[in-house]
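One structure coming up, written as structure tokens, with questions to follow.
Per-chain numbering from 1; labels A, B, C and D assigned in written order.
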Amino acid sequence: MTNHAIHFEQVSKSYGSFDVVENFELSVQPGEFLVLLGPSGCGKSTILKMVSGIEAPSSGEIHVNGKMVNYTLPRNRDVAMVFQNYALYPHKSVFENIAYPLLTRRASRPSKAETEQRVREAADIVEITSQLDKYPDALSGGQRQRVALARAIVRDPAVFLMDEPLSNLDAQLRDTMRQQLIALHRRLGKATIYVTHDQLEAMTMASRIVVMNEGKVQQSGTPEEVFQRPANLFVAGFIGHPRMNFLTAHSAGGNSVQVGKVTLRTQADAGPAGRPLTIGLRPTDGQYDRAEGNAISGRIIQSEFTGADAIQTLDFGGPSLLRIRKQGHRKDEIGTDATVTFHPKDIHLFDENGARI
Amino acid sequence: MLSTTEHRKLRLKARIRQNLTAYAFLAPALIFFVLFLAWPVVALLIQSFQTGGIMSPAKYVGLENWRQTFTDPLVVKSIRNTVVYSLMAIPAVFIIAMILALSLNTVRFGQNTFKTIIYYPTLQPILLAALMFTFVLHQDFGILNIILRAITGEPVNFLGNRNLALPTIAMVEVWKGAGFWTLLFLAGIQSLPRDLYHAAELDGAGPGRRFFQLTLPLLKPTFFFSFIFATIVNLQIFDSVFVLTDGGPVNATVTTTWYIYRSLFTFNEPGYGATLSFVLVILVLALTAVQTILFRERR
Amino acid sequence: MKHLPFRKIRAASRLLSSACLCGVLTAGTAWADGHLSGDITMIKGPHSADEAKFEAMIIDDFKSVEPNVDVTFTTYDWANMNAELTTGFASGNPADVLYLVDLIYPAYAQQGALHDMTGLVDSADWADERAEIPEFAWALAEQDGGTWGVPVLGAVYNIYINKDLLAEAGVLDTWDDSYAAMMDAAKKTTGDGVHGFSVRTRTGDFAFWDWLPYVHNAGADLLNDDWSGCGLAGAEAATQFLIDMHAAGVTPQIGALSTQEQFDLFKAGKIAIYHGETPQIGALIADPPSFEWDVAFAPPGEVGQTVMGNFGILSMAEASGNKDAAWEFIKHWASGPQVGRFAEQVNLQVVRGDIVDGMFAENPAMQKIQQEFVPRVQGIQPHPQILKILQSIWPVAESAYRGDLNGEETIAQMCEIIDGIVQ
Amino acid sequence: MSLRRSFTNRPIASLQPTGAMMLTAYVVLCFASIVSLTPFLYILSTSIKETNSLFTYPPDWIPASIYWGNFQKLFGETNFARWTLNTLFIGIAITLLKLIIDAMAAFALAKLEFFGKNLISVALLLAVAVPVAALVVPLFFIIRSMGLLNSYWALILPALTNPLGILMLRSFIVSLPADLDHSARLDGASEWQVFSQMTLPLIRPGLVVHAIFTFMLQYTSFLWPLVAIQSDKKQVLTVGISSLKSNFVVDWGLISAASLLATIPITLLFLALQKYFLSQNMSGAIKG
């Protein structure tokens, strides 16, 4: 336990009878970049707040660097947090903002020169040195985010907490910042919990993703694991774009399932024949021009152009429509018939309770 | 993991620390609050069962003061006058302040100058306001009567007429108070979201409709605060009555606070004054509560 | 008020102080040997805007007798005198010497706030001085078997007449023969912006002072002889007369003008018969109006012809920590030269008999008031609740003046209120 | 997130007023200005006249020459200068003390969790409705038992109580983004630092409103100083000026001069702070 940067032990948080977080168990290793991913209201921000001390857990223990911090004041927890809205101090200059964490403790207050040096270092890292004399409201969104990062960096904390730090930025800036954050993490090597609802951020940045829903951990694993082997319907639906197709089906015995009139071969064992199942098919896994595999034929009833690809909607007479990504786009395909094939390993099976088979 | 008991102990410690911090911040305000507000209210209640107490020792008289309160016609009259006064002064000052706020909001140049001039009377102690109105209301030299005489030929007896004295007091208070409410309403208007107005204008809503369908409903929180605050302040009307009419003529301007003052200091009856004070506290609390409920329901 | 006749007073003062000195030498009493010390405070309502200046003169003179006593002078606001005095007493640290009018001192005496000065004023070494103050004045300061102060000043509520207006109407010599004659004179002088008659009507202006002489002239008073109930019976006709005056349209708009505003109107020559008070004489002398004026009092009633006046006494707080010095200062203040000079400065009446003759030599109106009016004065009944009585009944009169009630109804309603208070 | 911007004067809400609307508005405002200022012209005119009476017939609106005697008398023979200093001293003392006391309490109510929070909030709300005039007598006894009558403390201490200020500041503090103080706490700030370094600077407009309001309330108060202060040297302006009226002959010139001068300090204060004052909305005080 002492090796973990952050360790959660049966942590729960409830407001009255409403459970926001239930029995949360997790260990974050030093240097790890852990992403908490989930829709809003899933409890991921609450977890950050409990680590930082803004909220107290209802039960369970939180350890930072091997020390139980449940009852420690936020100022003594040695964690730095970057907020979604940056939480810059509007009445202080950029320099004063970054310097603030160094000056709050009289006992450990560095000298003026040292303060200056450390602020400049932190500002250098996030490339904001030229803005030190400005006030926050004179900065752009991206610059503000950098200031917030610098303020977190400057005090050299054991743990970084980031609460949707990029969600207020426009798409382009978000791309840049994402890369810079990865670089920054690599450089500092500090354990980080990063909270987001954006799967792209999670997939690109995380060394480990913890997917949460309704206060519970749905799956924990590397980006590849959660994408390729989603543990349940929620994770499968939440991760991947376009969203996975879910079709009601039943087992046809052994490694085959029956969806409407179509029978598909699967890698996993579907169980005894007749067992009700849900199968998941990623739109990106469908192949148009291959003869082999599980073929599904139907009529193209819609085609949405997205740039390089098109998302086509296929009516194959099954329980629901099927959306498939297709490279290239031709308007006149609407109304024509098409056949799509799926490799058996790309057919995800979920049991009645939504758990992966 | 620590045991539940240990957790409970630690949690209690954290709670105590949290409460100590909060109460350290609250302490100065609480001390003054208890000493100079809560305790005096309790003392009022005690005094209402006593007589004497200022120069001679207090004596317990049971319900005598309360009995007297409910049989004293002047008490009824003072409450009536106070309420009637508020019913005149509050709507008048609100309507005037709203017109002024809308006007200030319309003009482009000189806004600050007008604001300052309109606010100026609010800064004056009512004693000085009353002194000025001695001039303004004078039957021969007062500007009001100079104008009225030019129109009707007869000066108006503002403070001597039983039916006009209370409205005249209200007029002085409106003169003094309009600036305050104007600025309050103006601040309210200016903090309304601009987009809504653009949208309304695109929808073809004229200034009148924009005012009644957007401005007024959006200012509801401001009005709520204003009504409560105005009620509390106006039900305590004292200074202008004291200076301008001293309750006359024929008790037409006797207000509750004026009567409290008279009982305490002119008649040396602190017990009776305390009883009346308590009646006033209850009256103000009741009216404020009614207003709060009405506003909450409509919201 | 520019040229006050100080010369005579100074002469008298010199005479008197040498007399005092004789007294000291012969009697060897303790009160003037200059051995007193400490601080005392005096509080008084201002009779002039220059009050502080006039008091400083009195205190300076006292300093030469008692160099070790420091006197601080403060004022109370007449309109708030009860609030200020009450809280002063309640604070436990009131002024040592208080100038109190007969309207309010009885309430303080009754509550034990004032020192019973019977022993002091009866002391043998002050007997001569005591004798200069007439018995009627002492009676006003006595209550419940105690003496609550030394009577020093009186304020007479007299009438001012505009002789030009009355002469023009041909009633200058007859207007005060009777109530009917006054009514006639008022009617004849009214017109063209001129009002024949005015009395105060507002409670805040102490309007009852102008009503009470008519009550007294009818042989009535607020309380009956043993103060056990209302004594206003008999004042119905007199009250009806004042109601009629207002109904006759000879007065300014009722309640429109304060004391000062009515006086302004009189000074402008727009009131013929005006009920006022003597300190206004100063303003008439300093800034003479364009007409001949004189002082007067109300015509005779059924029983007599009185003048209203109220009196101020110098009292001592029971809580005073320096009663010796306070008593010394009261004696100084009440002495002929001091009180005489002050009365001249502010146009008030003195109650001492010995200085009356020499006073107001260059102020014939005041002289007339001092010599002819003061003997006719019938003051207030110093009942502890007298102020409450007056302020409680006055709205009834206000209502009557506006034509709501006749004289009988007015007196009946007033009596009901008075009985409710004193019984 | 731009707190700074939201505190400055926003553009006017109603759109491009027509010429007729503009004209009406100017007419209304000019009329209101005349109504506001006319009474002051009376005391201005009276204060520079040598007169014992309020009115001379015929009226003399603008005197031929300015008479300074009233002002000379005011400073030479009355304690006017002293009253002014007292009023300013007491007003400033109350304002500063009340500002810090109320801000601290408002901070606790807005940002901290503690036992009895709801009870205290409700008590404060109720207390707003208690008429202060009704409490004069009990207050008098309390101040007397503390031995503070006739001292500046008698005026200062009870004035620190009015709970409206706490409620108003609380609404300002509540409207501050919570993440600011979370961030400050994580940055190592103690609660006092959060209060003094984060909250106070950010509610400056609210503090200015509160300061003017408190000062004004003190400046115009009459009944309590009348009761609590006996010594003329310790008296405040309102009561002092009122004491210039003797019941017999009123020196209108003197009183007008005093009244005129008495309006100056508060006007200066208002002008200095009006930038903040005029743009603020106090309506948050109770809705919070």
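Here, a contact is a pair of C-beta atoms (placed from the backbone, for glycine too) under 8 Å apart; a residue touches a chain by one contact, two chains touch by 3 or more.
What you see is a predicted model, and the numbers here were worked out from it, not measured in a lab.
Student: What's the farthest chain from chain A if centres are computed as the mean of the Cα atoms?
Tutor: Checked the centroid distances; the maximum from chain A is C.
Student: If you average the Cα atoms of chain B and of chain D to get two centres, how far apart are those centres in Å?
Tutor: Centres of chain B and chain D (C-alpha means) sit 15 Å apart.
Student: Express in whole angstrom the distance between the two chain centres, defined as the mean CA positions of chain B and chain C.
Tutor: Using C-alpha averages as centres, the distance is 40 Å.
Student: Taking the mean of the CA coordinates per chain, how far is chain A from chain D in Å?
Tutor: Centres of chain A and chain D (C-alpha means) sit 54 Å apart.
Student: By the touch rule stated above, which residues of chain A touch at least two different other chains?
Tutor: Within chain A, no residue touches at least two other chains.
Student: For chain C, which residues are shared contacts with two or more other chains?
Tutor: 79-80, 83, 87, 90, 261, 265
Student: At least two other chains touched by the same residue of chain B: list those residues.
Tutor: In chain B, residues 54, 134, 138, 140, 261, 264-265 touch at least two other chains, as defined above.
Student: Using the contact rule from the top, write out all pairs of chains that touch.
Tutor: A-B, A-D, B-C, B-D, C-D
Student: Note which residues of chain B are touching chain D in the complex, please.
Tutor: Going through chain B, the ones touching chain D are 15, 18-19, 21-23, 25-26, 28-30, 32-33, 35-41, 43-44, 47, 53-54, 99-100, 102-108, 110, 112, 114-129, 131-136, 138, 140-141, 143, 175, 178-179, 183-184, 186-192, 194, 197-198, 201, 207, 210, 215, 221-222, 224-226, 228-229, 232, 235-236, 238-239, 257, 260-261, 264-265, 270, 273-274, 276-278, 280-281, 284-285, 288.
Student: Where on chain A is chain D touching in the complex?
Tutor: Result: residues 52-54, 73-75, 77, 79-81, 83-91, 100-101, 104-105, 135-137, 151, 155 of chain A touch chain D.
Student: Touching residues of chain C toward chain D in the complex: what are they?
Tutor: Listed in rising order, the residues are 43, 45-53, 74-80, 83-84, 87-88, 90-95, 155, 206, 259-261, 263-265, 267-270, 277, 279-280, 282-283, 286-287, 346.
Student: For the complex, which residues does chain D have touching chain B?
Tutor: 9-15, 17, 21-22, 24-26, 28-29, 32-33, 35-40, 42-43, 46, 54-55, 57, 59, 100-102, 104-105, 107-109, 112-115, 117, 120, 123-124, 126-139, 141-142, 157-158, 160-161, 163-164, 166, 191, 195, 216, 219-220, 222-223, 227, 237-238, 241-242, 255-256, 259, 262-263, 266-267, 270-271, 274, 277-287
Student: Within their complex, state which residues of chain B touch chain C.
Tutor: 52, 54-56, 134, 138-140, 155, 157-162, 245-251, 261-262, 264-268
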